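Note that subunit A is present in both complexes that follow, paired respectively with subunit B and with subunit C.
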Partner chain A sequence: MNSNHNDTIIIGTGIAGLTAAAELSARGRKVLMLEKNDSTGGHVGQWSVCFPFGISGRELAESILPQSNANVSIRTRSTASAISTLPDGSLSVSCTDGTAHSARTVLLASGYGMFDARLKEELGYGIYPGVLTSEDIERQWQKGERPLAGHSNPRFAIVHCVGSRDLKCNIRHCSKVCCMVGVKMATEIRQRYPDSQVTNYYMDLRMFDNGYEELYHDAQLNYNVQFVRGRISEVAPTNDGRLYIRAEDTLLGKPLRDKVDALVLMIGMSAHEPLHVDGEPMNRSINGFVGTASPVQINLTATPGLFVAGAAKGPMNITEVLADARAAAAETDKYLSR
Partner chain B sequence: MKDFGFKPVRPNVIDLATVQNRTWTDILRLHPEMRSCISCGACAAVCPNNNELTKMSVRRTIIELRHGLPLTSEWQNCQMCNRCSLVCPKGLNTRSIFFRLNTFEALNDHNQTNAEPTNRK
Partner chain C sequence: MITPDNFNIFVIPFTLGMTFVIIWLLATIVRLWRHMPQADRRRVRHSILTVSTLRAAGEIVAEVLIHRRIWKRNKFLGYMHMSFAFGWFMLIVVGKFESLTYTGNHFNPIWYPLFFKFFVPGEHEFFLSAFFTQAMDLWLALILSGQILAFVKRRMPGRTIGIRPRHTAVNRAALTALWFIFPLRLAAESVTAGIHGGGGFLTGTIGQAIAGAPVLDSLFMPLWWAYSISLGVFFVLIPFSRYFHIPVEGFLILARHWGVSDEATIRTLETLACSACGMCLRVCPRAQGDAPRMQPVYFIERLRAGRDNDNDVWGCLGCLRCEEVCPVVVHSTQIRMARKMQAVPQRRPQPAPAPVPQARQGVDVALFAGCMGKLTPGTKAAMNRILQAAGLAYAWVDEDEDLCCGRPLRLSGRTGEAQARMDRLKTALLALNPRVIVSTCPICYNMIRAAISARPVLHHTDFVAQLIDEGRIAVGRSAQTLTYHDPCELSRMADISSRPVSTLAKVGTLKQPDECGRESHCCGGALGGLAVAGHERTRLMTATADYLQRPGAQTIVTACPLCKKSIAQHAATPVVDFAEAIAKSLKTSSINQ
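Our next item is the complex of A and B:
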């Protein structure tokens, strides 16, 4: 076991982990970060443009925690598997590669998983190449790829709430950000393909945060994005290599069809399997994400010294994650000062 | 009857891939802000004609125009009272739509096909 020279171990190097690491290192705390992937930045780090910041996820992540920081060391390809309390009250994190790391506090910033769109078979993901997820598109754009290049007048349909608010998939929660992402993506598609037609299919539009409603208005007025209240529930291939889709326009009570070149699914955020702490799975909140110690202690878990930040607790947008991670860092620092 | 190049496809189905909404395009030329209608129905709720005196729904008319559908709403009954525009949260001049609807040549698309819904080939 490593010697106890870190004040905090942060699990996850998405924007929550990076923000907390930056805050704690600024307060002179030594931080070890564990990242299961090859690189830092989490989901957001793979996004081409973040609303409302207008920069790429990679730039955003790098602006939070610049690469070199004397107080922060990062171990990639390290997947935390369990946490245990040591006799002196500090915590030990064991990883799947057999290593263990200990510190007085642990901050869980492990984020969320993306819903596996293949589970909604009626939408044809993994069956028809024209069906993509929001994450697929963000990654392709981030890499500079241009799907559907050469199509004239490409038609896009964007499906909201895929893997959210879906009792059949045992997912009750709303993923909160995907309405904004769907509308943002619609305007981006209209910018990248000026001769395109984009239609968003929604159940409700939940444009809750600053700038979201303005984005929606802008999408209608200046980008001519169409909005249909209804849920696409059947997708089939056409002879000319496109996708035939069926929905109901529930505002008119009429069946609706379209033929599109690409169907983009706004996949929701799913909770990770709970980590085991002292042999027991962690408490979960109503939506299956990591639960907190009390309604007021929103960054502490039931285990002393084990804190939690960001979308590990449930869907959050970037602004919320930044605020939450700073609060978690402040709580962690307070705990360490005791 | 003039051949407009229409043929009945599937009554009652909205086919976005083939829809022609020339009237809507004409309306947008005058009132581009009509794109921002959110189908809230505030206009329809205060309209004195709304399914009380006559079969008219401002909200429905707007969606049907947008989809290029035959107009099922008796919009000709509009009394130009302006109540719809007063309550629209998007500040849309809906009355002006009805005022001008008659003048759009392309409205023929909608009138002549009122009885049987059609889509362009």
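Our next item is the complex of A and C:
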């Protein structure tokens, strides 16, 4: 099916795609959105609470793009597989279901993948039931589930930088948001399980944005969260079904052992396999995410008419994604007006 | 007696060169002998008149002359090496007998057989003279055929030869001299035959063809001079070039057969015996990228010149692929090890007191996961299931204590400290008083089996295979397809490769890549190679992960925690340990036992 009447095809309906769609439709552009999953909202749409907004990810995503919008049509379960330039300069996106869609511009808002925690086998994900990822916990909470319901005084350990800043996984980049998410999660655990104890194991805390540092202080002062600088080196099951962890406190220079009920891994963002554009894999930046045309053209790729927005370019927090998506929409609009 | 019949001034370059190389070789051997420990010298004295010398002689013929190991790997290279070595050897031997038969004198001057056709030109009737003439031409033809082949290949580097090593200046000079020798001999003898008649099917035929040409007389002396000079230059360069391997390899083979155990002696001989054939270059995973070259062929060449660098010493992964194919069996990783030990201060600390797990003494099986094993708890969990199914009492010796086999320290040249770690591990293992010691890491396994002889030491692949063979556990076969990756430390170092495969064949269908077993690729994670940059590791790991996915099996199985980590990180196909593959296929009846 060819739908040539669209001005823009947006790949991905996470908060980047939704924001750009809202901007472009407000400027009178017709937008087709392709989403590989069953519903819109992306990763953020699955989070129970978003810092510092204090609302759930679903609410946040829904507030971006009003439900019915005459200029925007959304196709779910459509996975874009390749992009090609047509003779008239417009772009065609082919999907794995065999359909192809064309428009004068394409905006890539395909976001990121989550690091597969099984690759850090030493942390026991997929081997010991008590080991969870940040994504697992968010999902369970959002569904209203309560992990570790039966435990009294549950002990939690939160591990930062799993699949980020780890040469052993050949991943150098910092995923930027997981420090904040890890601290936020620690306070949330303390709220949900008032008799719990939480310790965060970090390499260094990168509390860079508005309100982050305050969150960190709050976690220590009001929620009694413990912070240990060091990596967990080993996880083993105990006879009573808990987890035995070993780490090094690198501030004290001492080895450290503990028994916990749950180990939460703050898994990082990883780049998707690059899409093929005109038969070649797309340019990638140093961290493997989508690369842009130049340091100044932060939303244009090397292909004319093909734009990129949000965390497809590398880790970003929600505020940054919103700003970047608006910029990308403005660039796309400018291109369409030429 | 030196007379005009057997001397001409042109023989001097050759004679000087030959004398020089003989003196140099003798000096080298005497120096090695002097540095050899008493025990080894005694061993040599006792072995000289035994059958081991004969065996060595057999190997010398097979390897130094025929180059059997090169033939097995690469017919083309084999022919080239054989044509030079065997052809030249036969020229010398037959030439010796020719001059002996002709003069009836055992003590002809050293140059006489070589320049026989100069001193005795034309046709002469003596015992077997026709045979000698034809035979000498045959050997010359053999050498020249190898040379023509080599020349053609040089013009069109193709598949057979693969990557060719780039040699140093002195090696190139020696090679140039060598390339001139035999064509010049052909020319000198042909011209001689052209003037005086005689000669065999090669020189004689050419001689007849050019007979009567007016230039022959003016070419005669210059060609014999050139032949002698090229020989002389080549011989003088021998001790400084890779061609020193020609005389030294024989001594290396003798030393091995005589049981010389002194590492330094063997290492020196191996260093000198490397022929720079470049076979190691073709298999080294590090040769595929753009990293600076450190393969044995280059490392040894620089080591001989006393100019080996950090990358040579610290840039080798220790995967042993090179040693597997080396026709001289040069243990280059040991040579590097010795260099590492020179680079790092040596100390031998007291081992820390070992944990003595009183409560668990007297187990059937003492298990050791090792530091890498801690990174793969899935393997440990699988072994627990298997051992429980087998109904055996077991204990992991490093359950709550950090123990180390010492290998990482050893590979960084700190052998004394490594030994202290091993001593501690040994005490802890034996304190359990186990019937058998099992390690799930091939690296630790190699270390432990070298250190402990009081108990059987097994790698877990062997141990689990034994449990199945003895009927202690039962496994079921499913439709799954598996590709087994042979870890370097298990296949090449411990020679365990067929049993894991035949055991896995009991639980699924194997799809092996072309190069497996002792020829397997290195996962790229090998513990050596401290100087290998991160991006190169990634390249190595990706290449091997891709290679293992080519047969298209559903699961990749390996038997080393390091391999598992390296491959899993870069493969889309799931990667499991051997123990996990077996544990998954345990028959429930055997679990309930």
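Just so it is clear, the second predicted complex is superposed on the first by the 336 of 338 C-alpha atoms of A that agree within 3 Å, B and C clash if a C-alpha of one lies under 4 Å from a C-alpha of the other, contacts with A are read in each partner's own complex, and residues count from 1 in each chain.
Just so it is clear, a residue touches a chain if its C-beta (ideal position, glycine included) is under 8 Å from a C-beta of that chain, and two chains touch if they have at least 3 such contacts.
Nothing here was measured: the structure is a model prediction, and the numbers come from that model.
Asks: Looking at A:Leu336 after the superposition, I want to know if it touches subunit B, subunit C, both of them or none. Which is it: first, second, both, neither?
Replies: So A:Leu336 meets neither subunit B nor subunit C here.
Asks: Regarding the shared-chain residue A:Lys259, is it in contact with subunit B (first), subunit C (second), both, or neither?
Replies: So A:Lys259 only meets subunit B here.
Asks: Contacts for A:Gly124 in the overlay, against subunit B (first) and subunit C (second): which applies, first, second, both or neither?
Replies: Second partner only.
Asks: Between subunit B (first) and subunit C (second), which does A:Ala327 come into contact with in this model arrangement: first, second, both, or neither?
Replies: Neither partner.
Asks: Please tell me which partner, subunit B or subunit C, touches more residues of subunit A.
Replies: B
Asks: Quick one: classify A:Met114 as touching subunit B (first), subunit C (second), both or neither.
Replies: Touch status of A:Met114: no partner.
Asks: On the A-aligned overlay, A:Cys169 touches which partner chain: subunit B = first, subunit C = second, or both, or neither?
Replies: So A:Cys169 only meets subunit C here.
Asks: Using the touch definition from the top, say if A:Ala236 reaches subunit B (first), subunit C (second), both or neither.
Replies: second
Asks: Along subunit C, where are the residues that touch subunit A in the complex?
Replies: Interface residues on subunit C, with respect to subunit A: 374-378, 381, 399, 534, 537-538, 541, 564-565, 568-570.
Asks: Give the list of subunit B residues in touch with subunit A in this complex.
Replies: Subunit B reaches subunit A through residues 12-17, 32-33, 35-39, 59-60, 63-64, 66-67, 69, 90.
Asks: Touching residues of subunit A toward subunit B in the complex: what are they?
Replies: Those residues of subunit A that touch subunit B are 155, 199, 217, 220-221, 224, 226-227, 229, 249, 251-252, 254-260.
Asks: Mind pulling up the subunit A residues that touch subunit C in the complex?
Replies: 119, 121-122, 124, 126-128, 167-170, 233-236
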